[in-house]
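Shared chain: subunit A. Partners: subunit B in the first complex, subunit C in the second.
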Partner chain A sequence: MTEPLRPGDRVLTSRADPAHHTRLPRYARGAVGTVVEMQGRHPLPDLRSRRLPAEPEPVYTVAFAASELFGDGDHTVTVDLWHSYLRPAEDATAGRPAPAGPPATAGPSGVAGSSGMAGPPVTAGNGEEER
Partner chain B sequence: MSGSHTGPAAVIAAQVRHVEALLEQRGLVDAQELDRALEAFLARASPANGARIVARAWLDDEFAVRLLADANAALPELGLSMGGGLQEQRLRVVPNTADRHNVIVCTLCSCYPIALLGPSPTWYKSEAYRSRVVRDPRGVLREFGFELDPAVQVSVWDASAESRYMVLPQRPAGADGMTEESLAALVTRNGLIGVAPV
Partner chain C sequence: MSRINDVGGMQGFPPVQQEPDEEPFHADWEAHVFAVNRALIGGGVYNLDEFRDAIERMPPQQYLASSYYEKWFFAITTLLAEKGVLTAAELAGEAGAGSAGRAEAGPSASAEPGPDGD
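Right, the complex of A and B next:
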């Protein structure tokens, strides 16, 4: 799970909506993007903000198509994300109509969600445990 | 949640003063030490720094390559650094090209390369800019009076973690033969954020 991701890797962001501080912006949740580069290693703010132990982990620049985030738009948005917010997208995209399909089909149909659940047991939320 | 980033400024300011008072009471910081450090930092923090970097990159292709590969390693060549805060921050310079335009934002709060651009403008910290520029960058740029060619791709860089971003604008046409100083004078703060052409 801590195997660093590489540029070009497709990733799916966490769908979790935690009550505590997080640095995964809401507009970028449950979205498929592509790793641009690794920036370095930093402790997960979700843990640090609650004074829980947090080892440095990789932080990546991840690029998303606007159509994936918002359903339309021709631009790209890159977001800087901790490793714990991400999982490989292969298993999650298998059941999707298209990588950049409208969010409306990915959400209510539950296709992306259920196939995501079938992936490796990466913990329930955004990987805060046992890190 | 990112609520701690969006509380009213007055509440945060009061909390900061309280922490500062406690630190002084317990002798952890000298009363004037923080003021001195802040003044020294802000005295050096100016968009003129970003403009110098851009002008050098326009004139020196090899510097531009080093800047884009590892900005933190290239800044000392101009006597600059990202080390003014508690720790050195990673800087990523994103170059505009004939077919790609870059815009920077921090949707969670207002992260910004203060050392190179000076204190950020109020609109940069506004919820309107932060929420809208990721959704509709062309529309937001239009409101700045900047109509992008529809053929130019747009990349929005959300500084949501530990990196800071700065745009390297394209060298304007007709700038041949200009000195580094006169080139730097063409570079605006908004151009370094990506909401204005240079």
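Right, the complex of A and C next:
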């Protein structure tokens, strides 16, 4: 069961680079953003475009700092993203390359199996098997 | 493995041209393409995500040289052929016949100021 996200939740987007249709644009991959609000429930386009079974799942408006996406700029970019593209930023940042300084609010560091930068490709349809 | 549609954040494209009081269609054939697509999705021949996928599968050079509804037309014909609704021969015959309605501005005559389409 995936818990629904709430406004204000920090999320990390998938780094998957699928060959098929997806609604997660390249510029917003592997980025940390903040949930603004839920936009209803819709089947995952990645699956539906291939005529695979897809149950409706939450879609969220997620806000990113432009500097997080493009390395520059002080505006905000909002993107509507399916739940499958997102995971909580807390357990995901463990796999990110260490920033130059000491890790800010280091979470549990040695989380085994959390996929790192070049981990196995995360298929966007992950996690829908059990639901 | 992103495809040619995924150009957000890429440089080299001019700003989006905003046309005040823009007409919904720039040529009659565009309205036909719009209507045909609605009918095919409504009739369950393909779904909206398959349609978007078909646009994204355009050869990159063709994608960049095509107007908005030219991309739609490409996707519709691609999906109709793939799903066996029309054969490639039927599509070619229809296009070659050049019916009066289509001859006025075929999908190659773009009214948009795109990147120097040929």
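Simple rule for what comes next: the second predicted complex is superposed on the first by the 92 of 131 C-alpha atoms of A that agree within 3 Å, B and C clash if a C-alpha of one lies under 4 Å from a C-alpha of the other, contacts with A are read in each partner's own complex, and residues count from 1 in each chain.
Methods note: contacts are C-beta pairs under 8 Å (C-beta built on N, C-alpha and C of every residue); 3 or more make two chains touch, one makes a residue touch a chain.
Only a predicted model underlies this, so the values are computations on that prediction, with no experimental measurement involved.
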| item | value |
| --- | --- |
| Which of subunit B and subunit C A:Val59 touches, first, second, both or neither | first |
| Contacts of A:His21 with subunit B and subunit C, given as first, second, both or neither | both |
| Partner chain in contact with A:Arg48 - subunit B first, subunit C second, else both or neither | second |
| Touched partner set for A:Phe70, first subunit B, second subunit C, both or neither | both |
| Which superposed partner A:Gln39 touches (first subunit B, second subunit C, both, neither) | first |
| Which superposed partner A:Leu81 touches (first subunit B, second subunit C, both, neither) | first |
| In the superposition, subunit B vs subunit C on subunit A residues touched | B |
| Residues of subunit A at both interfaces, subunit B in one complex, subunit C in the other | 18-21, 25, 27, 49, 69-70 |
| Subunit A partner contacts - residues on subunit B that touch it in the complex | 1-4, 90, 92, 107-108, 134-138, 153-163 |
| In the complex with subunit B, residue positions of subunit A that touch it | 18-25, 27-28, 39-40, 42, 49, 59, 61, 63, 66, 69-70, 73-82 |
| Complex contacts: residues of subunit A adjacent to subunit C | 17-21, 25-27, 45, 48-51, 69-70 |
| Of subunit C, residues touching subunit A in the complex | 1-2, 6, 8-9, 47, 49-50, 52-53, 56 |
